[in-house]
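Chain lettering (A, B, C and D) follows the sequence in which the chains are written, and residue indices restart at 1 in each chain.
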Amino acid sequence: MTMLNPLVLVLAIPAASAALLALISSYRLSSRINVLASFLTLVSALSLFVQPPPPDAYFLIDDLNIVFIVLNTFVGFTTSVFSASYIAHELETGRLTPAYLRFYHAMYQVMMFGMNLALVANNIGLMWVAIELATLATVLMVGIYRTHEALEAAWKYFILGSVGIAFALFGTILVYLAAQPIVGEGLQAMVWTVLIQRVAEFDPALLNVAFIFLLLGYGTKVGLAPLHAWLPDAHAEGPTPISAVLSGLLLNVALYAVLRFKMLLAANPEAIAPGPLMVTLGLISLVFASFMLYRRRDIKRMFAYSSIEHMGIIVFAFGMGGPLANFAGLLQMTMHSLTKSAIFFAVGHISQVKGTQRIADIKGLTETHPVLGWGLVLGVVAIAGMPPLGIFMSEFLIVSSTFSREPLLAIPLVSGLLVGFGALLLRLNGLAFGEPSGSVAPVEASYLPMFGHLALVLIAGIYLPPPLVAWFQHVASILG
Amino acid sequence: MPNLALDIAHLLAGGLVLVSFMMLYQDRLPALINVFALHAILLAASVAWQADIQNEPYLYVTAIIALGFKGFVIPMTLRRMIVRLGIHREIETVVGIGPAMLAGIGLVALSMVVMLRVTAEADPLAREDLAFALSVLLLGLLMMVTRRNAVGQVIGFMSLENGLILAATGAKGMPLVVEISVAFSILIAFIVIGIFLFRIRERFDTVDVQALDRFRGDQR
Amino acid sequence: MALIRDLAVQGMQMLVVLLLAPLLTGFVRKAKARLLRRQGPPLIQPYRDLIRLMRKEAVLAFNASWLFRAVPYLVFAATWVAAALVPTFATGLLFSWSADLIAIVALLGSARFFLALAGMDVGTSFGGIGSSREAMIASLAEPAMIMIIFVLALIAGSTQLSAIAEFMLSLQVGLRVSLGLALIALIMVAIAENARIPIDNPATHLELTMVHEAMVLEYSGRHLALIELAASLKLLLYISLIGCVFAPWGLAPVEGDWSSYAIGGLAYLAKLAIGGAALAFFETSIAKMRVFRVPAFLGAALMLGLLGTLLRFVSESF
Amino acid sequence: MALAAELWSVAAYFALVVVAIATVRSKSNSSIVYSGTFAIGMFALSVASFALADGGRTGASIVLPLGLPWVGAHFQMDALTSFFLIIVNLGGAIASLFALGYGVHEKAPHRVVPFYPAFLAAMNLVPLAADAFTFLVSWEFMSLASWALVLAHHREADNARAAYVYLVMASFGTLALLLAFGVLAGADGGYSFDAIRANANLTPTMAATVLLLVLVGAGSKAGLVPLHVWLPLAHPAAPSHVSALMSGVMTKVAVYAFIRIIFDLVDSPEWWWAVVVLCLAGATTVLGVLYALMEHDLKRLLAYHTVENIGIIFIGLGLALAFRANGIAWASALALTAALFHVLNHSLFKSLLFFGAGAVLTATGERDMEHLGGLIHRMPQTAFAFLVGCAAISALPPFNGFVSEWMTFQAILLSPQLPQWGLRLIVPAVGALLALSAALAAACFVKAFGVSFLGRPRSAEAEHAKEVDAFSRVTMFVFAGLCLAAGVLPGLAIDALAPVVQDLIGARMPQQTSIDWLSIVPIAESRSSYNGLLVFIFITLSASSAAYAIHLFASNKVRRAPPWDCGFPDARPATQYGAGSFAQPIRRVYGTLVFRAREHVSMPPPGDMRAARIDVELRDLIWDTLYAPIAGLVGFAADRLNVLQFLTIRRYLSLVFILLVTLLLVLAIWP
């Protein structure tokens, strides 16, 4: 029974397949195994709906994190499908060797394992360990090309990430120290479910310091400005599947951690309200990233900045709080993961067929590669928040609710959105339209993941199934 | 007896802060490495003492790791490395010693203020230790910020992490402490190897615009 | 019975304007000549000219289009209808309510529109000069006219010419500043619209100074005759407009008997004579101005009209 | 019932999108889709007309489980909706008919055909939507679809820029509307229009905010100065039938948004609102026509005239607001009717003119009037239809443009009844601007028609132009006939508009069709009246009788001869008046003020045989003073911030460090 426990499977499948993939040398086989494993993980994650196991000292499944888990495993699966077709091309062009590929696939599963673990962890220490595991795995993936830029990006990621790790740990220790007098020593003082029940009695001052360190520590992973420095380079220099995973998943996982602690802090009456902090950081990230979009020359780096922008919006929404804004934040997060990974799928194939990531060298895609080009157009239009795609709905809710509650906050929000919109559109004009340039060679791409994601986003923009809505609303009410 | 225990704990923790200041004061790498070794040894002592007064034997493991790994292995490798990289007699602080020290004092004061707001019924030992740990952490960060080359930054990071270990061991009955310290040691090993493998001295850390155009993928 | 009478009056009116228009032109020419101590052509000369032109064959440029041949009839028709709607000797014309003052101005505007197009049709530079200058003049004259209409409408509480005339007849008008402004503006506009000195010189054929004549330079024969007739109708229209608004004395009332109509007719002739003489005197006493000083002239008219309107808007007593 | 039918036709449009994408490779693709849109358009048009005919029964409402989950997608159909649906679908259907002929010449049909039905569907959805979310989705989707259509010929750099400016301005407007709805809906998000109407607690300041936001939002779509900059770039860039839709219909949808929100949802106007609206409208009217006069690209000239006519419509709306704020319902009804009637008229003649421009484009491949000329010989039918359009837009009786402007003038003449001084001073000034713009419009269309259709051809293409296909001619004549009909029988249109006005204002204009001789009387017989039918009959009668008489009694001989050349034979076509030279006197009068127009004449010395040349320099002051600075600001900020991309790890660390210390400090000084 326990072996068939989906929770165990969600963790065991990636771990086992990571070990397996480390042994297999044939990249075709390993990529297939990779897809298969990711699929099985997705299935077991879905089966979590059927019989969510009761929380214990280490693991917890509640309505909040099940959303994250399903999203995580789904995007993980689609990305593995995309990566299968992507990696083959990399091998042909000789940017990667089979040895590295073996490493790559193993690390992919390790990364998935780490993220799933972080999501199901009920123990804040365990959560910390898991997130760091995932981070280190991604560091190694980012540096996998061994080019100078890749190494530099990995190094930057590594150093800044380690500092983030340290902060997060310090925050965790502080939380433990706050809990210890009330809950008592030992493991119980790190179990989130216990903490959330007793947090009202904790010492507020300790919680405040703890939250600051946790916000900075995990916020580094979320990519909030000015802690974002690692993010653009890591996206730009790593393999594109990893960029997709970073934008689509890792940021969410870190955000999940922040949310958990925000709930802790919000439950303590004397402690500082976490909202204003998050709102401020979110707005800074949004506006900053929108301006940064204008001067980008590298297509992947540009979309990395757009990820920062959206993370800013999401953190802003959760900082605003309230059922409407929280709902919008969850929706925005889901839509952003789907859309951004879809964009990276498109960008991956584009940069492969054009042989460059320089925006200036890519023109008229809708002429040379209509499917890819229009896919990119659709993706960018979606990420820019145009209807009838999903992000418009969330941004609609965020902006309108903000303006009716805090009109002054809406001004930087709206102007940031507009500035970012202008930048994305300007680049899109050059990429997708105008006189074509570069190779017109046909590309053997797997369009399924990209258009699957975009279709989901489109449907969500028009029709949200009531169960999902009810679920999100419930989660939003949990978040408070 | 418990008072004495408290005082010794304070002494060691305060000593760590002091040594951190000494590290800020060093502007040559070899000396810096030596002082860091001292820092690690002090940490080991403090951890051992905590293990004794909390009579939690497994903290001794942490102490031994701190002593052996950070106290001897890392410094020795670093020494050999800087000789290899030929940066063993460079002055590589960004801001002068004086401002750095002043900033450090400010940071210590800040951490005191922040931590002493904690209400007293929190375990006093933990509370005082926490203040020191926070200051060690901030000083380490300050050092990372004020050192230009990678080795100096790594040392700064390690002292920061010492502060963490101090806090972790100070927190009574906190689980996973040993695992965490092991994990961090591995992390540091990674960093050091990274520096050594990629010959990172100031290359990734240059402010030279040509280098930027060549390295930072996104030309202006 | 009444309907028949009204129809008769309306038809009378149309014939009257048609017949009197050349006479008025001739009268103005004669008066000018006399003022210049010349003998001058006889009064009926315009009729002769028209008949002569009618007899001649029409000479068309090679690339003149169907529009070029249609325009004279359109211009004539529009001007004639407009002139027929202005009370000359009797108010309360049968069809006067079918178009108010704004519509009359617009009818003249459409006549000008098509005439300007005809000027562009053949594709010589003269026609272009004429059309573009005419357009520029119109772009100032029409708003000025609308402003004048505003003043009148705000005073009389109606844009119907008959109603305005009746109101002016009634003694409750008195002397009003805005009326004076409107009168001056109307005279200026009338001069511009009828291409008289100092805006334009109907007698000149020096291409560079022509406006109206340049537009119609390519016309000949019956087409030219129609356009000349339309021009005279326009002059008549403006003088009778001024007459019926600012000197409504003697106008026959709606249900008037024949004697009142006779009185109205005589009064109308007198008004025409006075207007023509004044025009002739005015034209002989000043010189034509450069075409680019015209905007100042008409701008002044526009400003006067706007001023009058504003005065009316801010207070009923002006 | 009618609502369901309209929604089904929208669904059919979307189905056509799928069909278009599916058959994008096939040859008959475009003809299939265009005939489909024509059929759907005619259906929706008839449904909407019936709905309006029986008073546009209100209350018909459908809620679909789409859009915002807890709100759902509300759709409603009242008189206002059905009127604008008539506008949309009439334009859409006839444009599709035109496209059946025009689309054949399309170089890249696969970039037009799939988006065309989507565009129509979105324009249908906006008037139908009855909650904020559905409304905004349709609104922005409309922008998106038209953006794709503007990019149909994406290889021209200008088009790419036009599309960019267009979409940025559009989403700016959408954000403004979004904020407006945010205010209207309140914190607990009552987004359906019924909830908004019910939401009573709307303070005057909030209402004023809504007005300004809506002016920005709807105005940026309709092309109110100074938000019009995208319009003359984007409308001409699209294929001509799309340009006709964008100019003739999409701007009207923006007008709908304004009416719906300000007259229906907010509906607590204060008198100074009218001042704001009237000032903007007056400036729009005159500036639009002046820009048009300076233009020598035919389609762009038409686009600028759209700006002008939007100004006229908004003058009517502003007057309606003014009267409504003072509770003079019947006058407000007159002004609103005038505005709505002009909406109809402009959609008619502007579409007609764009079709004509499209015909010229297909026949000659030229949009620049300086390369046209003499087309009346080559394509007489197009020329005739275009001439009708020109007369209509220049507000010449007996065409429709005159009637609506005449009614606007009548409304202006009622405004001494207004108590407020501000209004009393602003309204006559606006009237003067309106008169000025009418006269200038006439001048501008003398130029447009005279230069491109009359005279001698200025290029080989113009010389060898051929008359366009039957579809195009039919559509043009249909619209020409409609222009005349609406001008001759305005009473019918006014009475048809009565229920709309009744719903919004609570009053209506007197019944017109009952008046004998079918003349229209806005207020009272004694005050003013106009009878287009009689005027038309008079003119035709007198013209034909004159012609008859002359050909009967006088000579009817014609001789062809060379034109009078002043003694200089063989004047080349270049010696004719062109667009620039025609506008020169007017430029001298207005240009120096509005455009800082400068003329540089370079005259070669005597004996030098080089041609003298004159260069005219015009500056768009609005762009220079408003948009250029903003763009510069964004660029500056982007450059400054961009430094952060190139810092060293140590500096990034110091950023983290500083942030940490600041937060700790905040904590330390926290009370």
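Quick note on the criterion: contacts are C-beta pairs under 8 Å (C-beta built on N, C-alpha and C of every residue); 3 or more make two chains touch, one makes a residue touch a chain.
The structure displayed is predicted, hence computed values, not measured ones.
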Centroid-based (C-alpha) most distant chain relative to subunit A: C
Interface ranked first by C-beta contact pairs: C-D
Separation of mean Cα positions, subunit D and subunit C [Å, integer]: 35
Where subunit A and subunit D are represented by their mean Cα positions, the distance between them in whole Å: 44
Centre distance in Å when subunit A and subunit B are each reduced to the mean of their C-alpha atoms: 31
Separation of subunit A from subunit C, taking each centre as the mean of its C-alpha atoms, in whole Å: 79
In subunit A, residues with contacts to at least two other chains: 155-156, 159, 163, 209, 232, 295
Junction residues of subunit D, two or more chains touched: 642, 645, 649, 653, 656, 660, 664, 667
Shared interface positions of subunit B, touching two or more other chains: 114, 117, 141, 144, 153, 204, 216, 218, 220
Chains touching one another, given as label pairs in label order: A-B, A-D, B-D, C-D
Contact set on subunit D toward subunit B in their complex: 642, 645-646, 648-650, 653-654, 656-657, 660-661, 664-665, 667-668
Complex contacts: residues of subunit A adjacent to subunit D: 155-156, 159-160, 163, 167, 208-209, 212-213, 215-216, 220, 226-227, 229, 232, 272, 277, 288, 291-292, 294-295, 324, 364, 366, 381, 384, 386-388, 392-393, 396-397, 399-405, 410, 414, 417-419, 421-423, 425-426, 429, 433-435, 461-464, 466, 469, 473
Complex interface listing, subunit A residues touching subunit B: 125, 129, 132, 136, 148-149, 151-153, 155-156, 158-159, 162-163, 165-166, 169-170, 173-174, 176-178, 180-181, 185-187, 189-190, 203, 205-206, 209, 232-233, 236-237, 295-298, 301, 357
Subunit D residues within the subunit A interface of the complex: 65-70, 132-133, 136-138, 140-141, 144, 151, 154-155, 157, 160, 163-164, 167-168, 171-172, 175, 178-179, 181-183, 185-187, 189, 191, 634-635, 637-639, 641-642, 644-645, 647, 649, 652-653, 655-656, 659-660, 663-664, 667, 670
Contact footprint of subunit D on subunit C as seen in their complex: 54-67, 73-74, 76-78, 80-81, 84, 95, 97-100, 102-103, 106-107, 109-110, 112-113, 116-117, 119-129, 131-133, 135-136, 138-143, 146-147, 150, 153-154, 157-160, 163, 207, 217-218, 221-222, 225-226, 291-292, 295, 302, 305-306, 309-310, 312-314, 316
